[in-house]
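Next come two complexes built around subunit A: one with subunit B, the other with subunit C.
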Partner chain A sequence: MADTFLDPLPWLIILPLAWASLAFLVGEGRGGRLAVAGLAVQLALALILAVQVMAQGARVHAVGGWGASLGIDLLADGLSVAMLLLTQAVALPLAVYARAYFSEVAQTTFWPLAGFLLAALNALFLSADLFNLYVTLELLSLAAVGLVAMSGKPAQVDAALRYLLVSLTASGAYLMGVALIYGAYGTVSLAGLAPLVGADPPLITQLAAGLMLAGLLAKTALFPFHFWLPAAHGGAPAPVSALLSALVVKATFYMVLRLALGPFAALADDAAPLLGALGAAAILWGSWRALTTHHIKMLVAWSTVAQLGYLFLLFPLLEPGGAALRAGVMQAFAHGLAKAAMFAAAGVLMLSTGRDTLEGLAGVAGRVPVTLFAFALAGVTLMGLPPSGGFLAKWLLIEAALEQGQWGWVVVVIGGGLLAAAYVFKVLRQAFLLAPASAHFHRVPRAMEWSAFLLAAASVLIGLRATEGVALLGVEFGP
Partner chain B sequence: MNAPARLAVVGFALALAGALATAVLDLPAAAVDLPAAVAENLSTSGVEHPVTAVLLNFRGYDTLLEIAVLLLALLGMLAVAKPEAVAPEPSAADPMLRFLASVAVPLMILAAGYLLWAGAHRPGGAFQAGAVLAAAAVLLHLAGRLPAWASPSRMLRLGLVGGFLIFLAVAAALLAQGALLRYPPAHAGALILLIEAGLTLSLGLILAGLFLVLARRPASPRAGVGEEGKS
Partner chain C sequence: MTPGLLYALTGIALFALGLAGVILLRQTLRRILAFNLMGSGAFLVLVGLAQRGGVVDPVPQAMVLTGIVVAVASTALALALARRLAEDGHEDG
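Let's turn to the complex of A and B:
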């Protein structure tokens, strides 16, 4: 009895739901403390779960004790635990950052929304049920839209509404797919569907999978569905941009991957070349736009469009036990940490200079050196220089491409890295210029500078802990 | 949008509709018979109506998250609503409307209570009861008896999240039974009634809030914002 009560798996969902609603209840002033305490416990729980899963193998938690297909199953395997670790590891430093960033009034809005967002992410990564995934996706999208709109500025409300419309349409497409699947097979459990769908699925399954894929790609903002992302991510307050770019878009990528590895494995091969091509287009177009923009947060947002492309390069290279899956998860991890660091650093730079353009950065190197170092370190990960996590991800991707003789992807990976170097150096170069005499700098809280630095350092250092990551990913569910 | 683009969109929509129709008309027989499984386990679910059993027991976890979705819709609106734009005092309404409200609202509260109770064995339950309560609150507002909500007080916030917190606390406490939301069959009925009672009040307030947060002077029926339908 004590065992099941202390199982970290359900608490990773209960805890954020609890602190989110309590933060709303207590109102002004105390939500931040609740959130930081809750997130610290969640990080510990995710680590415990990772150790347990590596020792004992994947674990199923049957909610209500019914079991699939009547009830809903939660599943913790290597892939989901890796994503859970990423979520808590990014969220905790960002919570410390957000406490310093927002005014007390803004925090009363921020913490409940952020709490529900993180609860939705944890629930999504643990779900093993198509319809339950839809519910977590709704929770995630609504929380994200609320966060984008929270500043109340007309431009932000506009971006949030556009995001909401894309998100709802995409959810609708996904839900229609789920309905078709339920109609065809009578179950929505991932484990139950896998043997039923089989190797040669009928037209209805193909249609359903297509609708679900389209919906998920729109939410992931994969090229050419990226149009809503720069305005929504680039204009939001820095902690919000960081949460959205580092975690929220990864959630729908995770779903595509989960479905391609699970029930729709037979169809994944057909979609793989298209996904790879869109990923390549995203890398080139996103990097180009990042290189040509003049606003610092827009640069970081376009860089997200590009980095998401790498995630989809893994699909044409996906094979059981191959390097591509490891590359994809490592990329999600490295980019998650690095992008959170970069948005956090960009927020500090903008507060310090009082401007949002690259031009305004001149002289900032002498004022907030820790933050600039954090930005550069995160840049190292995005470029893919050793020993960063980004380097490892790209290395594994190139290895998988060479093994299978698919040379084209190698060119895209290396070209994307060079473009990333170009836009990161563009920022750094500007920061090291002498400040004009008219420039006026503001003081920025230490907590913000150091939490950005912590995230950036983590994105570089995870490259050194890859063995554990590979062992964790090796934990698969199934016979 | 220019004509060729429109044609392309229409063509795509028609093709998708055609493909969907073809696929649905040729639906294979479902391999898993869930309605039968629901009927089989109904006796241990704590309620007699299959819909309530699925919503609160078999897939109660989905419902827990859906309540959070509704709560989030309101939180999102509170995030962008400008308190200063809300009329602080209810506007005076005509006497007919005031009379209607004073007659109808007590009946609506009674009806909500009945719907909540009926959910255990016939169509009804917390969502329906909450919707009736919300309608009563909107009627009171239109009749000038209830002010709009500029920024909810702590009591009101407690009412808004109370139902969700009760549901969450029950779900977590039942971990002692071996799993999230695993009701012991002997107490399932009572626990479900407790959850539904809390949800009725909170859902009523949340749904009313979707209207009252945005209400401006002069109160007009168009001030409500359409919410996406939830089961």
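Let's turn to the complex of A and C:
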């Protein structure tokens, strides 16, 4: 009994729910300190869980003692614990950042919504069946849409409604897939489905998998489903953009990966060339748009479209024990940390200059040097320069591509890195220009600058802790 | 044709109608209704396909109940956002 009570698995979901609800009760704009404390405990729990899983192997927790099928099982294996670690590691510095940010900019419901968002994310990464994934995905979208609409500005409400409708349609398609799967096999358990689906699935399974994949890709904003992302991510307040770009889009990527590794392994080979091609198109189109935009947060948002493409390059190269899976997870980590840092830095730059355009950045280098350094470090990760996590991810991708003789992907990976360099340097160049005499700079809280820097530094240094990551990913759930 | 299969086929038809509606319609309110149609279709398939040999399976019923709660919450949020837009004079339908 005591063991069940102390198991970190359920607490990773209960804690954010608890501080979110408390933040809602204490009233508008408050609850930030509570959130930071809660997130610090969550990060510690995720680390404890990682150590436990590496020592004792993957494990299942039956919520409330009620197992599947009417109860809910939580499953922690290497992949889910890695994603949990990423979530808490990004959210904690962002919470420190958001406390300072919202002392400058008025807000109403950031903390409750952020807490519900994180609870949904943690629950999603721990889900062991297709239907629980659906429910957590919906919770995640509802919280994310609320965050986008939070400011109440018409443009933001419009972006939120658009995001919500895409999201609802996408999860409708996913739910239809789940219904067909349950009708065909009588179970939605990920582990239970894998042997049932087998090597040559019937038409109904292919249809279900297609519907689920289409829904998940739309939610991940993979090219050509990226149309809703720049408006939703680029317009929201900086801490919100950071949460959405760093974590929320990774949730549906995680689901695609989970399904491709688990129940739909037989179908993954058929979909892989398409996923890779869409990923390549996303890298080129997203980078190009980032290069040609004039708004700093739009640039970062389009860069997310591009970086998501790298995640999908792993599918044509996916093979058991190969480098591609490690590349994908490393890219998720590197991009998560770097993009959180970049949006956080963009928020500081915009508060400091009072403008949201690239032209307005002239002269910030002398005003907020720490932030600019953070932006550049995050850029190093996105470009894929050593020793950053982005470098390691791209290196592993190239290694996997060369091993399997698929040369084309190497060109895309390197080309995308060059384009990333181009749009990052575009920002830096502007920042180092002399400020016009009319420019007026505002003071920005130091906590914002340093939390952005911490995230950026982590995205570079993560490349040095890759050995532990590989060991963790090796922990698979077996019967 | 068993009743279960009939439910499932109706569900697929509803889902297709709803999906077409969400994609093709322009007015926000109609798109929200179309999304609800999609959801109802998926629920019918879930309950219908799972009826084997006249035995009622409780698991999909529990899922549909959960799904309905999710759909109600989503619809409420969508309506609230649409109303907010309409009040700001950005109504498109």
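One rule holds in what follows: the second predicted complex is superposed on the first by the 465 of 479 C-alpha atoms of A that agree within 3 Å, B and C clash if a C-alpha of one lies under 4 Å from a C-alpha of the other, contacts with A are read in each partner's own complex, and residues count from 1 in each chain.
Keep this in mind: a residue touches a chain if its C-beta (ideal position, glycine included) is under 8 Å from a C-beta of that chain, and two chains touch if they have at least 3 such contacts.
Please read these numbers as outputs of a predicted model, since none were measured by experiment.
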A:F24 touches, of subunit B and subunit C: first, second, both or neither? first
First, second, both or neither for A:A334, with subunit B first and subunit C second: neither
Partner chain in contact with A:L165 - subunit B first, subunit C second, else both or neither: second
Touched partner set for A:G65, first subunit B, second subunit C, both or neither: first
Comparing the two partners subunit B and subunit C, which touches a greater set of residues in subunit A: B
Partner chain in contact with A:G146 - subunit B first, subunit C second, else both or neither: both
First (subunit B), second (subunit C), both or neither touched by A:P154: second
Which of subunit B and subunit C A:G192 touches, first, second, both or neither: first
A:G183 touches, of subunit B and subunit C: first, second, both or neither? both
Contacts of A:P10 with subunit B and subunit C, given as first, second, both or neither: first
Overlap of the subunit B and subunit C footprints on subunit A, listed as residue numbers: 69-70, 131, 135, 138, 142, 145-146, 149, 152, 157, 160, 168, 180, 183-184, 186
Residues of subunit A touching subunit B in the complex: 1, 4-5, 7, 10-11, 13-14, 17-18, 21-22, 24-25, 27, 61-66, 69-72, 74, 109, 112-113, 116, 119-120, 123, 131-132, 135-136, 138-139, 142-143, 145-146, 149-150, 152, 157, 160, 168, 180, 183-187, 192, 196, 202-204, 207
Touching residues on subunit C, where the partner in the complex is subunit A: 8, 11, 15, 18-19, 22-23, 28, 31-32, 35, 38-39, 41-43, 45-46, 48-50, 57-60, 62-63, 66-67, 70, 73-74, 77-78, 81-82, 84-85, 88, 90
Footprint of subunit C on subunit A - complex, ascending: 69-70, 131, 134-135, 138, 141-142, 145-146, 149, 152, 154, 157-158, 160-161, 164-165, 168-169, 172-173, 175-176, 178-180, 182-184, 186, 188
Complex interface listing, subunit B residues touching subunit A: 19-20, 22-24, 26-28, 30-34, 37-38, 41, 57-62, 65-66, 68-69, 71-73, 75-76, 78-80, 82, 154, 157-158, 160-161, 164-165, 168, 171-172, 175-183, 228
